[in-house]
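Just below is one structure, and these are the notes that go with it.
The first chain written gets the first letter, and so on, giving A, B, C and D; residue counts start at 1 in each chain.
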Amino acid sequence: MSPLDLDRDPAWLSREELDQARERLPILYVDAVPVRVDDRGEVTHVGILLRIDDGGTVCRELVGGRVLHHERVRDALMRHLEKDLGPVALPRVPVAPQPFTVAEYFPTPGVTPFHDPRQHAVSLAYVVPVAGDCAPQNDALDLTWLTPDEALDPGVQAEMDRGHGVLLRQALAHLGHPV
Amino acid sequence: MSPLDLDRDPAWLSREELDQARERLPILYVDAVPVRVDDRGEVTHVGILLRIDDGGTVCRELVGGRVLHHERVRDALMRHLEKDLGPVALPRVPVAPQPFTVAEYFPTPGVTPFHDPRQHAVSLAYVVPVAGDCAPQNDALDLTWLTPDEALDPGVQAEMDRGHGVLLRQALAHLGHPV
Amino acid sequence: MSPLDLDRDPAWLSREELDQARERLPILYVDAVPVRVDDRGEVTHVGILLRIDDGGTVCRELVGGRVLHHERVRDALMRHLEKDLGPVALPRVPVAPQPFTVAEYFPTPGVTPFHDPRQHAVSLAYVVPVAGDCAPQNDALDLTWLTPDEALDPGVQAEMDRGHGVLLRQALAHLGHPV
Amino acid sequence: MSPLDLDRDPAWLSREELDQARERLPILYVDAVPVRVDDRGEVTHVGILLRIDDGGTVCRELVGGRVLHHERVRDALMRHLEKDLGPVALPRVPVAPQPFTVAEYFPTPGVTPFHDPRQHAVSLAYVVPVAGDCAPQNDALDLTWLTPDEALDPGVQAEMDRGHGVLLRQALAHLGHPV
């Protein structure tokens, strides 16, 4: 079921209603930084999606999306991870609700490091180890696994907009990696 | 400015629009556990509000409320603390955005320990030391400062509905207190 | 290699040297709350060890022990989990170094909720999902998997000394469970 | 009382005993990132000490030091903050024991981003707002308050050794600052 289908479901918002809500309320999001870990739990790779944005530009981004009405935060995380990484990614959603940070996306650039031209979104951000096979889904062109050092490369960071580069660096700092 | 005034502001939602949104979207909240600390930062007292609920029953609750459109999470915390504790409470809002937990209030009881009959609300929960003079505002009858042990008393807990007793105990556990 | 062997290794402390250090320095520990999780990452069971203490009394406790010289915290976690749960427990050590709490065990009871008659120990506490087969090792008689509600039973709590009952409740609170 | 005096106190370790312990046990430390905050709790400045190291080189570092036998972690934080910033710095030690990270300093460079040639030290790291007047004490030449952006300047970072530059960046990331 694509995000569009979800929005068409009568239990949730129509596209028009969502547009109206976006002008009036902060929208709750989750962001996930998918990682590969070794046997000791140390992160070896970070998964980054490659997409074509609305303007036709290639960009890299993390996994994430809206939390729906009546949906648990952990179910929203599972849904977006499966939507973006495929049904056999086997994400290990964190056991505790405490996120490593909260990213506040403002429609006006510069209020915070995070920016979303469509809306004011507030996102609970988690690092999520994935153990299974991942395959980019929907509108993602590709999924790249980079080492933490590769992910910090300025070239990679420059291709991440909306502040996803900052969020990735904050995640790596939280993991104990030098940033 | 009371919460009602805010809701009347054209920049935010009308009461009717808010009611519609509440049926369709999770609403972003903040919860604050106000505390008094000693010189070493150890919590000595927890502040609990006494209110009359819509049905006329006396109940105890924590500080909290909605995050508004275009409002930073820390500004929402400040606004609700000042709204409930008065303008000279001098709250020390946490320096970092990471909450100690995320409380998911469902309109259906039993989905989580948190319940809100009006809506699906997702709340970022913080412990906030307050250094100034506090005076209950608006519809709060009183503000009581209890020691952590007093706050854990089953009688006190029984007067906290919507799961606020659970959230208080989770906060005390996070503070290192035996619960 | 048993903990005794490690202490005999010249790279580490002799029993006598360890005893001397214990009288003079806080000793660094790790505590792990082993858990079983479902596909969505929700905790279904907590693992508790059954031991005979030095006085011959049966007691329940969490996994844990010293961090050795030159040992990474995550390796100490792995070592103690494998030592207590067996070599195929497949623990998923957390990706980030941030513990959910720090437990300070004092030789004098009452300073904190945590007590260790042998020493002043400071412990980094983590919740660790285990995915494999667990079998009690060494001096543990048994390993019991309890639901969170069963683990909160006063009878179970009464059998956990040194404050492990408090630590378990703090862990469950961190996981979002009502305590 | 200087750190040397403390080490001479019979309740603690002699210098010789400390040297022996350092070869055999991880030593428990605390690190504090002192910050100035505005009324909303947002960090405006970070405090960095200027010292002359043993080799006569000027270097910048964060506040920190050993946790002593029988000392609470929050008391160790208070003691080191007062030792380095003076008696009227009025540090607001965090209410909860959960550190934002754990820094593992190894005597061998490269094991982690943190390095201490004298010992294997494991440090609980906290961000601590200070509200009073600060004056460098003991062997510190100066205390500089830098904005987060100034603190991230490569020149400043280059003067921070033992990984303190990394720890500062991890702290700023935890605070929601772009790093």
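Criterion: a residue touches a chain if its C-beta (ideal position, glycine included) is under 8 Å from a C-beta of that chain, and two chains touch if they have at least 3 such contacts.
This is a predicted model, so every value here is computed, not measured.
Q: When contacts are scored as defined above, which chain pair ends up with more C-beta pairs, A-D or B-D?
A: Per the contact counts, B-D leads.
Q: Are the two sides of the chain B and chain C contact the same residues or different ones, given that same means over half of the numbers occur on both copies?
A: Same; most numbers are used by both chain B and chain C.
Q: When the centre of a chain is set as the mean of its C-alpha atoms, what distance in Å lies between chain C and chain D?
A: Chain C and chain D have C-alpha centres separated by 28 Å.
Q: Please compute the C-alpha centroid of chain B, do the same for chain D, then give the distance between them in whole Å.
A: Distance between chain centres, rounded to whole Å: 34 Å.
Q: Going through chain B residue by residue, note those that touch at least 2 other chains and give them in order.
A: Residue numbers touching two or more other chains: 72, 96-98, 100-102, 112, 174, 176.
Q: Have a look at which chains touch which and call the overall pattern line, ring, star, complete or other.
A: complete
Q: Write out the stretch or stretches of chain A touching chain D in their complex.
A: Within the complex, chain A touches chain D at residues 101-102, 112-113, 163, 166, 169-170, 173-174, 176-179.
Q: Taking the touch rule as given, give the residues of chain D at its contact with chain C in the complex, in rising order.
A: So the residues of chain D touching chain C come out as 12-13, 17, 20-21, 23-28, 67-73, 96-102, 104, 106-108, 111-112, 120, 122, 124.
Q: List the residues on chain C that touch chain A in their complex, please.
A: Interface residues on the chain C side: 35, 37, 39-43, 72, 74-75, 78, 92-98, 100, 127, 129, 174-176.
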